[in-house]
Each structure stands twice: as C-alpha cells, then as structure tokens.
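Same chain, two partners: chain A is paired with chain B first, then with chain C.
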Partner chain A sequence: MFEKMIDPTAGPDVAAGDAPRLAERTDRLDGLTVGLLANTKQNAAAFLDAVAESLAEEHAIADVVRRTKLSITDPVPPDILTELVDTCDVVVVGVGDCGSCSASAVVDGITLEAAGLPAAVICSDAFQVSADAMAGLRGSPGYRYVRTPHPVASLDADAVRERARTALPEIVGLLTGARPGAVAR
Partner chain B sequence: MSIDEQALAGLRDTLAADDYRLAVTESETGYQVTITAGPESCDDCLVPKPVMRSVLTSALGVPEDAIELVYPTDPA
Partner chain C sequence: MTAVTGSAASDDAEDVDETARLHYAREAIEHAYAQGWTDGLPIVPVTEAVVEEFLAVTPRDRHEVVAAVPHLGRRCTVEQAAVNAAMAGCRPEYLPVVLAAWDALMNQRVVTGGGWQSTSGPAPLIIVNGPIRGELGINSAGGVLGPGFRANATIARAVGLVVRNVLGIRPQELEQATQGIPGRFTLCVGENEEESPWEPLATELGLPAGADAVSAMLLRTCEYVDNRHTTDPEGVLWDLTDTVARTGAVIGRNSSAGLLLGVEHAQLLAEAGMSKADVQRWISGHARRGAADLRRAGKEIEQGQDEGTGELRMVPDPDQIPIVVTGARNAAMSMVMRPFGFGGWSRTAHPVRRPAVSESDGGNRS
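What follows is the complex of A and B.
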C-alpha cells in the first residue's frame, strides 16, 4: 500500500546527483499571478490564503489562483499542474504538515520548477527528515523550502495568519531572485 | 555497520510527530525496522517505503537490501 502512494523516483526531469533545477526568477512579485497549491491538511488552505493576503498587501500581486490536491500523498495531478503553468507566474505550495505530505509537497515544488514556475514550498519543521529525503530521491538534494514550526493543523485562525506573516520574507525570497535568509539548507 | 544515532533520533522524532514509532533490531543479514502506529496516527501520513529506506540507509549505515522494513499495514 505505502509503496504505491508516491513513486519518489518517478519524474523524467531530474537525475540523481544533479543540483536542484530551478526556474528563472524575477526580482519582484508586483503584477504577477500567484498560484496557491494546497493539500487537504487542516489549515493548509488557510495558511496559503494568509500568505496571498500579505502578498497582495505588500507586493501588489495581480491575481491569485487557488487549487487543492485531494490526496496528501500523491504529487500534483497533471491537470492542476497544467493549469498552474498556464495561468500563474509563481506558486506557493503547502503545507507539508505530516511525513507523506511534506515529501509530496517537495515533489510538487521540484515538479513546478522543472516546468518553469518558481515555487515556494512550506513544510513544518518536524518533517524536515522526510522532506529532505524526498528531495534527495528526486535528484535535488539541498532543495530549499520554508520551514514553519510544527504543528500547523491545530492552530487557530489568528495563529495561522501570524505564521504566514512570519514565513512571508522567506517565501518571497524563494519566489524571487532574493536570497532568503533562513530557509532549509 | 555503524549506526548514526543522531540521524536515527531525528527519524524517530519525525515519526513521533505523526504518532508513529520505530523499532530497530539486528538480524542475520542487517536490520529489521518495524514501524508501529499509535492511536493518533493517520494512515496516509507515513512516508512511502522508498523514502523511509533512503533515510534508514543513511542512518543505519547499511545498503537498502540489508534493511527489512515492516509497516503497520503490511501483512503479518
């Protein structure tokens, strides 16, 4: 059963030992369309919505496209991937708040980058081991993502918004050419 | 065989966050690693076996084929 959830070696775009292959970045988010790729974990969508709200306030983004993966374990479905690629300039992915969904979120980030979209993946810090392991298996050791303290699922609405605000500089750093100061690795 | 206790502890902590436990026992050919689920665990939260094997290979200092990995849903 667990062998079938994700094939971590699947994916034609990365080879073992390669450095993470990242999409080209712009310097600013102003005027860009931001995709939000949420999973179904509690507070994942709320976290990403709070990120989008802050991006609108502070970075004048043009639009937001929201999509939800119905499986926390599987990579982004092809139809959603195509939609994001066709309609968005950058994508925020999250929240990896369990072992399998953190690994899956990292796969999604790597997949989006390979498709040409800058991505910022958010995982809770308790699952760094699984997120990093998946990045290595996908040929992207050292893949950078934003870590937020575990847990996320049990937070109330105000705490989720605060977490999102705290994570925002790192998210912006990953989505743009700026060098984020406190991302993993 | 040299176990990286720090890496193993990190894996235990990660599993515990999803209410899973890890037990490692030596076998004739390497190690048997058994994952058990606690009452608060969710079936979908455990990483796929290839991911777990990747972490265990590094933590236990042995090749993948020296690790017998048992998940909660595996047939007894």
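What follows is the complex of A and C.
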C-alpha cells in the first residue's frame, strides 16, 4: 500500500560515506608531537592546553602544535589539516559543546584518522546524540570519542584543569592501542 | 454520511465511494507520519505525476544540486526539492521561489556550516520581492508573519521539509536546538514595496527594479517594538535601538540585528529625510552597551569595544543591519530581528528563474 507515494528522503546521496578507517597507533606517546585542534568555544583552548600539560608531565611527549579552527560549525580547513598531518603524530580535538560544533568535531576526528593521524575528540555529554549521529552518517558507527560532563563553557580555570585530568586516561587510551572511549552506537 | 434524500441507490453508492476515497487519503497521510516524513503537520501525498507538474514550471535541470551540507555529505537536487515542496502543500508555480530561496540560503556561510544543527535552532527568513508576490499570493501586508496565506506558509515549510527529509537533520538527532524559535520554517514574507518609501531590498542589493527575487538569512528571533507614541523619528530610532542593544542577544564579540520595519515607521523615517542606509548607520552608531551593563549580566566581552568609550558596539557594520519593510499600514509597530551566525549576512538577492514565456501561450505563465 502507498508504494506509488514518493519517498521524500530518497535520492542519490542518502548512502553514507566511506567505511571507517582508523589510523595505526603506537603503544606509547613518549617522544611524539601532539596536535591540539581547538575550536573557538569558551574554554576549548584552555581544556586542550591542560590536556597537553598533563601529557607532558606524564608521558614525555616531544612537542605540542596548537591550531585553532575559527569557524565552530565548519570542518577543519584543508590548510590546518595539512599542517597537522605534516607536523604531528597524534591530535586532540575539542571541545564539542554545541549542536553544530560537536558534530563537526567528530567529523574532524574521522578526517584526521583517514589522513593517518590517531585522534581523540572531546565532546560534552549533552551532545552525545548529535555526535553519535554524525559518526554514523560519516560511515563510522561505533566511532569512539571522549565525553566530558556538560557544561564546559562556564567552568573556571581550576575546574577546566580538573576536567582535563579526569579525561586524560581516556584520551591516552584513544590515542594509543587501548581504546576505552565512549562508543557511538 | 447519511444520504438525506436516500432514494436513489446510485447516490448512496457515490457517497460510499467518496467516503472511502477520503478515508484512503487520510490513511496516506498517516503512512507519511509513520515513515517519519512530516514536521508534525499533515503532508500532501506525492506521486511521480505530481513531481512532473512541479518540474514543468522550472527551467532548472532536475539533477541540479540546490542545497547541501558538505560536512554531512548530503545534497538536495531540484527534483528532491520539488517532492518536498509538493508535500509541504506548495502549488507547482511556487517551486521557482523555493529554489531561489535555496540559492539565497546557500549563500549564507552559516547555512553551509553547521547552522541547521545549532542549539539556537534558527529559522530561515525568506524575503520575496517583485510582481511575483501578487501573482502567487505571497502576503506582504497584514499578518505577514502569521498564518492564513498558502504561499507564505508552504514555501517556508518546503525548506524545512528538505532540511528534515533530504539533508537528514531532525530534532534531537543531528539537530540540537535547545528550544528553537517560534515560527521556524514558517517565515516567508513579501516586502511591502507598494507602501515602502524606499527601493525594494532586491534593488538595494543590485538587481534591476521590478525583478522577482528572493533574499534569505537565518534568524534567532523577532522582537516587537510598538511605538505609536511619537512622530519624532529619533524617538522611534531610540526605541528600536533599545531592543537592538539588549544584553541577552550578545554572544561572542557583538550582537546582530535587522529590522522588519512596519510601513508607518518606515514612512516616518523617510519623511524625515532618512534613507535605509541612514537608518542602518544611526542604529549601528547608537546601539551600544557599557562594560558595566555587560558585567552586570555576567558577560565579560573582551573584543569589539569602542576605543574611545569602552562601550560594546552591538552591530558595528551598518551593512549588516538588513531592513525589510513589511506588514500593514494600520499601526506603528516593527520587529527587530536577529540574524544568526558570526559570518555575517551575504547581502545578496537571487532571481526567481522561470521558463521563458512562449509566443503561443499569449505571454501568460502557467
């Protein structure tokens, strides 16, 4: 019944993108250069800086490369992607704490993986549904990322550092062999 | 369904037949609900023949891509837009306006970014200029933002159904609106060119006078300014500016504002010798808040302050204050509207493209 009724969702582009491809990982972060891809959301850069600080203390990373994505809603621009690929071994992306920026942060993580860089994406847990849907849409159902409690924007400096310390084991796990991050279904 | 006269068996049979067809129509609508194809309101069932009726009134190729969200890998063709316009309740001849609306929307940076997924839940505002308003019955006068006008209601809804069905952006999934705004996917207005004292928006933006055209932007809201109290143009400007400058609308470096100016306010300002550009400059210059006001509201803004006074300029670029004259000339009230996005409004108008008129149909468009 109703097979003559046109399906308004049908079309040439409904199929999802390429199958997921995760980058090769090493067991340890020692001696690696860590890229930080921040968006311009309040506390995003501070959160990533605190992550880098802890990584330097606990994992003897070699260097940190900081890049900021000026449009929170757009995917990482090609020039920044190239720079990260050229200079970094792994990348931490964040913070996805709005509807459009959490979705684009997950896209950035998938893009970095496809370019050969292990990535850990940090999203606030209020946007889990959106981030999971993005991951599914881009052909990576089950893509893992780090969830931090909502909100992030209104935290003070100490609270941001505390959040970063709490998230650190998951971030390290995602960037190395062990992957205990949140699973998108 | 009781037949009142009831004597002829054939009348009864016709009644039964019609009732069955109506019930079938209702089932078709329920089917669309069950498939998740609707925005919550009933849709019109669409068949291949209906789609062809729509495609016949546009010169554009059915496979042309008119909308896209690159980061989702999703695109919408003319044909898909036609299907959803028909579902939305459009008449076929509205399709060229729907497509021009997409041309306009795709020129907005926020639309090609993640704007449809934003927590602000913004609404596309579609502004129509030109004689096509009269031809299609696009309201530009009384109740222009409200219900009751098929073209206004269904053209805006056609955009919303594409976002949902073709781009795949649905509430509480890829769309994360915290509350969204009232009137989302219902905002299509004609400019009241007949009573505006100024050139139409499309002319201001560079199209020939009399062009059928669409401009569009995403809005975070509209807020009324009721000022029937004065004939002093500065009084009206200050009243509008007070709303423009409220702290709640400030995010990032500044705020955003435009005007859906009522006819009476527009005429009052024009009679005082002001052009649209003068009004834009006045509001841009006067819409300011001091650091103390912002601090009191918990908003420590670090950029965008005026160097001399330390005040925050709400809309520093006068060109980014769109002005549209719309509504009835029956009371002096206007709306301050809030364009969404940091990238700014494109300031473009997009021609409504229709098939060339042939000799044989005597110059009438079908």
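Everything below uses one rule, namely that the second predicted complex is superposed on the first by the 160 of 185 C-alpha atoms of A that agree within 3 Å, B and C clash if a C-alpha of one lies under 4 Å from a C-alpha of the other, contacts with A are read in each partner's own complex, and residues count from 1 in each chain.
In the analysis below, contacts are C-beta pairs under 8 Å (C-beta built on N, C-alpha and C of every residue); 3 or more make two chains touch, one makes a residue touch a chain.
What you are looking at is a predicted structure, and each value in this text was computed from that prediction instead of being measured.
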Exercise. On the superposed three-chain arrangement, identify whether chain B or chain C touches more chain A residues.
Key: C
Quiz item: Touch check for A:Cys101: first (chain B), second (chain C), both, or neither?
Solution: both
Self-check item: Which superposed partner A:Tyr145 touches (first chain B, second chain C, both, neither)
Solution: neither
Quiz item: Just chain B (first), just chain C (second), both, or neither: which does A:Phe47 touch?
Solution: neither
Quiz item: Between chain B (first) and chain C (second), which, if any, makes contact with A:Gln128: first, second, both or neither?
Solution: first
Quiz item: A:Pro75 contacts which: chain B (first), chain C (second), both, neither?
Solution: second
Practice problem: Return first, second, both or neither, reflecting whether A:Leu137 touches chain B, chain C, both chains, or no partner chain. | Solution: both
Quiz prompt | chain A positions touched by chain B in one structure and by chain C in the second | solution = 1-2, 4-9, 71-73, 98-101, 103, 127, 129-130, 133-134, 137
Exercise. In the complex, go through chain A and note every residue touching chain C.
Key: 1-2, 4-14, 16-17, 71-75, 98-104, 107, 127, 129-130, 133-134, 137-138
Quiz prompt | Of chain C, residues touching chain A in the complex | solution = 27-28, 31-32, 35, 37, 45-48, 50-51, 70-77, 79-80, 83-84, 87, 109-110, 112-119, 161, 165-166, 168, 172-177, 342-343
Exercise. Under the touch definition given earlier, write down the residues of chain A that touch chain B in their complex.
Key: 1-9, 71-73, 98-101, 103, 126-130, 133-134, 136-137, 150-151
Self-check item: Residues of chain B defined as touching chain A within the complex
Solution: 10-11, 13-15, 17-18, 20, 42, 44-52, 54-55, 71, 73
